[in-house]
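In the two complexes below, chain A is the common chain; its partner is chain B in one and chain C in the other.
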Partner chain A sequence: MFESFRPNSLKDLLTLIDGRECYKFAGGTDLYIRKRQWQGAERKFDKDVAFIGHLDELRGIERDGYAFHIKACTTQNDVVNSSILPEYIRVPYRLMGNPAIRNTATVGGNIANAAQVADSLPILYATDALLLLKSILGSRIVRIQDFIVGKYRTNLAKNEIIEEVIVPDGNFNGYAYRKIGSRKASILSKLSIFIVYRKENQILEDVRVCIGAVNEIPIRSPEAEKIFLKNHDIEAFLLHLKKMFDAETDKRSTKFYREEVSIRLVRHFLEKILEDGE
Partner chain B sequence: MMIEFELNGEKVKIESTLSMRLLDVIRNDFNLTGTKEGCSEGECGACIVFLDDQIVNSCMVPMSNVIGRRIETIEGFSKTERYQIIERAFIEEGAVQCGFCTPGMIMATESILRKGGPITDELIKEGLSGNICRCTGYQTIYNAVQAVLKEVQAHV
Partner chain C sequence: MNISDRINRIDSKEKINGQGKYIEDIQFENLHFARTLRSTIPKGKIVGVKYPEGYEGICIVDARDVYRNQVHMIDNEMPVFADEKVSYIGEPIALIVGKDKNNIIRFMNQIEVYYEEEHGIFSIDECRGKTEQIISSHRFDKGNIDSLDYDDVFEREYTTGYQEQLYMEKQGLVGDFCEGIVTIYGSMQCPYYIKNALLHCMDLPSDQIRVVQALTGGAFGGKEEYPSLMACQVAAAAQKIGAPVRLVFDRREDMTYTTKRHPSRSIIKSYLKKGRIVGMEYFIELDGGPYAGLTDVVLQRALLTMTGCYSIENFRAEGISYRTNNIFTGAFRGFGGPQSMFALEQHINQLAKHLKIDPMAFRREYFVKQGDYSATSGQFHEEIFLDQMADQLQLLSGYQDKINRKLPNHGIGISFIPHGGGFTGDGEANHIKGVVKLVKDKEGYVSILVSSVEMGQGAKTVLSKIVASVLAIDIHRIIYHNPDTFIVPDSGPTVASRTTMVVGNLLYRAAQKLKKQMDCLDEVVVEEHYIHPDYMVWDQDKLKGNAYLSYSWSAVAAEVIIDPLTYEITCTDIYGVYDVGTPIDKSALLGQIHGGIAQGLGYGMMEVMTSNQGLIQHNSFSSYTVPTMSDMPIIHSECLMNPYQDGPFGAKAAGELTLVGVAPAIAAAVEDALGFEMNHLPITPELIAEVVLK
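So, the complex of A and B:
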């Protein structure tokens, strides 16, 4: 048996989860399916559930001089339709699920769920996003790379909630994104490539490359990016990425397919980025 | 617990639980069976309803997220003038085969129209992308939506 709770405020929620282990149920587009039952039957959760999708305090998008702030229960379509967020943040969300799913699935949910195929992670890794975590004891800010530990595993403490996602404004002026799946909508990625960069006066000043859904967690190497910015050696950069591959063949595709296509796409995009304006 | 919300324009109260699916409440407690259960995981769109004017898959909405909000099912929407236009177009284009996906397709069509602004072919495809037709009658459904658009735009 489990108990369900619907706290009236963020403060009530933090009090509730202090000492009581709960699923934090926002949009539920993943959690609900995993607890699937027969028609008309109550879903069977194996621990208590705190419903948080109604908390307006956890919804909204803001911008300050340094970063974009997205509250955890902001829906994916709120991101897609945002007039504040730049296109490179909105595009990956626009290709997730389908319109009805995006109206309920949340930004925080995709992160906390930490699926291997979570399509929001590559953009968050590439932009060095931060998470504002909150508990009754206080707040802490962690890097997304330190938060995601593995497939479905994060560093979120039982008494904590993701309050906000902070995406630093890197003054990027270009991006490339490609999601590969068996079809366009409602599909788990076989892989996804997200690249964001800044080019001023035909000089590449910053570039971030992230590969999602291949390994258990997104692949990115800031060290290799730094070297690439100096030498523009695409093959050396790809060699570095290849060494990071740790994929396994699963129902989505083979290891070989995911790794090979990733390399070819990154090569294609980097060639294009270097060519443009040179 | 007693859960209150608005269903097809009427304030309703129902004894249910926070974790019960909206789909089950609509079909079993209110006997509104126009909303169908297909895949049960948000991919087929047969269970689409409007929640505060946005389409959602009711198989993935817990009653906790419905409290105090407005739900519109195909039964409620069928009383509108616009429904009549969509129904006519679906019939004339032969867009209904077995009919199981049709309520969801109609709700998705309406959501495309409610977005407003210019509607491109790409937007129609995206708007229907969360709905699966096992009879594979996609082209006729797509044609029907285009016919609806023509008629709606002619009346503007």
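So, the complex of A and C:
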């Protein structure tokens, strides 16, 4: 048996989860489904459940001089419809799930769930996003790369929640995104490519390339990006990425396809980015 | 009512407004729930089952509770509950029954089943050459294949994977036992198959067994034979505890353990002389899973139309179905046709390319005509308009322009498909012997009494229309309840695209008789029995003669665009020309066309379903990807009117045909776009990458 709680404030929530270990239930589109056992029977929660999705304190999108701040329980659809967020942040969310899921699923849930196929991770990796984690004892800020430890593994403490996602404003003026799934809508990724860049006066000043869903965690190499900015050598850059590949064949796709198509798409996008305006 | 009037579907209102009650919605007093204890290994002996102690309100129903532990399908080899041995992962060992689902789950989590595992067989390759693995085999010749004069041989191998029916409403039945009568309610295609299965496994006379269909949310063959197994189980459970027992699968359970389309492997060898086909050999193998079920019928249907739309003088067909420890495969819309017609149509395309002839022109040289002989050496007694259909398709699709234009990464492909209506050979006469009844009451309302079910395909609308049109009465004066075997005669199962053509024709004749008595003030009952047309000649042992009452035909063209970077396929347009005799209801037919195209598109290029050591891997909506609206092509369809003399108002079979030609046309289009042969279904970007890059 398990108990479920619906705290009235963030503070109550943090107090609650400090005392007992709870599942944090935001939209429930991962959690509730994973815990099913038989339609009409109880879900198999082996710990208590704390609902968090209703807390206004955990919803909303803001922008300051340096970054975009997205509260953890902001729904994917809030992101899609945001007038504050730039398109390159919104587009990956627009291609997740389906309308019903996007109305319920949250930004924090996608991160904390840390699935290999989590579509928000490439954009967050590419932009060096930070997470504001909070417990009754205080707050800490971690880089997304340090938060995600592996497939379905994060270093969130039991008494912590993700309060906010901070996406630094890199003054990007271009992006490319491609999600590959086995159909055109409502589908999990076989792979996804996310690229943002800043190009001024025909000079490429910044570029970030991230590949999602191929390895257990997103693939990105800031060092290779730096070298690429200097030498514009696409093949050398791709060689670097290839060394990082660790794909597997599973029910969604094959290792060969994932790696090959990732390379083809990154090459294609980088060629276009270099060409544009030249 | 006039047969050409367009009407709203009779069943749509209750489905749209939510009033319709599926088996999960129906309330029963003292309802118990059942969950299946399943084998976790593909093959082995059950050494023992240890049930936890100290539980109240739990009842175990297993082999010991069944009078005769056999599910009667065509044969009786499948047990109701596995006893002593198991033959596939998921094979039912017992039902755990109770009123509290949570209690059932807790109980089940503590059950331990001890096995002595044996070596399983999981592929057609492993079966080859092993006679003990053969479920059934057939071989027949036409002409003389052994002494051909030829100068070239063209041979290819084709394989197809599983396909899941994916009806929206999962499998579900309720069994009740009350005053000596066992009643099965639920989602089904064939009330009398279930009744016969119960008659076999229970120690009850016929008049104490009752089967009532509930509103059924899709079936596609998936609810043809499988519900018989479930019915035997819930009947035993209901009898044991004396209360209604509901068995409804969860989606993943349904996808993992219920029947699928047979995976296949075909080899076609064409013998050529001066660029003309002088003979063809065709060999197909199917993976039937652990029990025969309907596998042999699927194999026969794959073989019987093996020469497709073409007249091949010398021909040999051979087919084998194998026993494996994979999931048990069964009925699915198309019934062998999707496998064999993919192989044949791809072969014809590749052969045309080999001979450097346009695939449309090449086909025209071989199209069958009235009076020609089929693969089974039966004479085609109807008029056949394949040439006209080809003309119509060329016009509709702009075929010539598109073939000539040759845009990069664009492709167009075609297929021509026959589909036989009704049971094969003399099946309608010797096995089914369909009976229908019409009852006019004193107020002038007419009840249709048939065992044919509405499962979303439009049977109620179409059959009601036929009767109302003959009687020239308003359609609202027709009553057609879901069949109840205590009330309706056995008009046969709702399968094989036979409902409109065969059952509809019985009703047509019954209505003609009734028409003369419509003025009678009393109740009038009219009964009509199936009569086999005398043009049908059939030898079931040799598979020789007229394999089908009539054939429906489709000509399909598919256009695709392939992303040169990712090899993702977009099917932009499907063009279809159909000869289904006279369409009884244009909207219902359009529904079949659109649905058939969606299911065919999935089979052709999306629905990957694999099995690993007997366990289905793609068992959820997220991993088994059926097309969404965004994946659907623009559909352009036309009909060619070719009334069938023994069909009601000239109607022939339509339900399965619309699926069969889609995948071959898409495969041909992909070949056209890429220039590489595509010999496996489904054609995924992964497969293309393998073929093109490796």
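Everything that follows uses one rule, which is that the second predicted complex is superposed on the first by the 277 of 278 C-alpha atoms of A that agree within 3 Å, B and C clash if a C-alpha of one lies under 4 Å from a C-alpha of the other, contacts with A are read in each partner's own complex, and residues count from 1 in each chain.
Please note the rule applied: a residue touches a chain if its C-beta (ideal position, glycine included) is under 8 Å from a C-beta of that chain, and two chains touch if they have at least 3 such contacts.
The shown structure was predicted, so the numbers you read here are calculated from the model rather than taken from an experiment.
K.L.:
Give one of first, second, both or neither to describe whether A:261 is in contact with chain B, with chain C, with both, or with none.
P.N.:
The answer is second: A:261 touches chain C but not chain B.
K.L.:
Output check: A:4 vs chain B and chain C. Expected answer is one of first, second, both, neither. What do you get?
P.N.:
A:4 sits against chain B, while chain C stays out of touch.
K.L.:
So, A:104: does it touch chain B (first), chain C (second), both, or neither?
P.N.:
first
K.L.:
Could you tell me if A:42 is touching chain B, chain C, both of them or neither one (first, second, both, neither)?
P.N.:
In the superposition, A:42 contacts both chain B and chain C.
K.L.:
Once chain A of both complexes is superposed, is A:184 in touch with chain B (first), chain C (second), both, or neither?
P.N.:
both
K.L.:
Name the residues of chain A shared by its contacts with chain B and its contacts with chain C.
P.N.:
Of chain A, residues 36, 39-40, 42, 184-186 contact chain B in one complex and chain C in the other.
K.L.:
State the interface residues of chain B toward chain A in the complex, per the touch definition above.
P.N.:
Answer in residue numbers: 17-21, 24, 27-28, 37, 40-43, 45, 48, 51, 54-57, 60-62, 64-65, 67, 108, 111, 126-127, 129-130.
K.L.:
Taking the complex as given, what residues does chain A use to touch chain B?
P.N.:
Residue list for chain A touching chain B: 4-6, 25, 27-29, 32-33, 36, 39-40, 42-43, 45, 49, 51, 53-54, 77, 97-101, 103-104, 184-186.
K.L.:
Can you list the residues on chain A that touch chain C in the complex?
P.N.:
36-42, 178, 180-188, 251-254, 256-257, 260-261, 264-265, 268
K.L.:
So in the complex, which bits of chain C are touching chain A?
P.N.:
The contact residues of chain C facing chain A are 33, 35, 101-102, 104-105, 248, 250, 565-568, 570, 606, 608, 610, 617-618, 622-623, 625, 627-631, 684-686, 689-690, 693-694.
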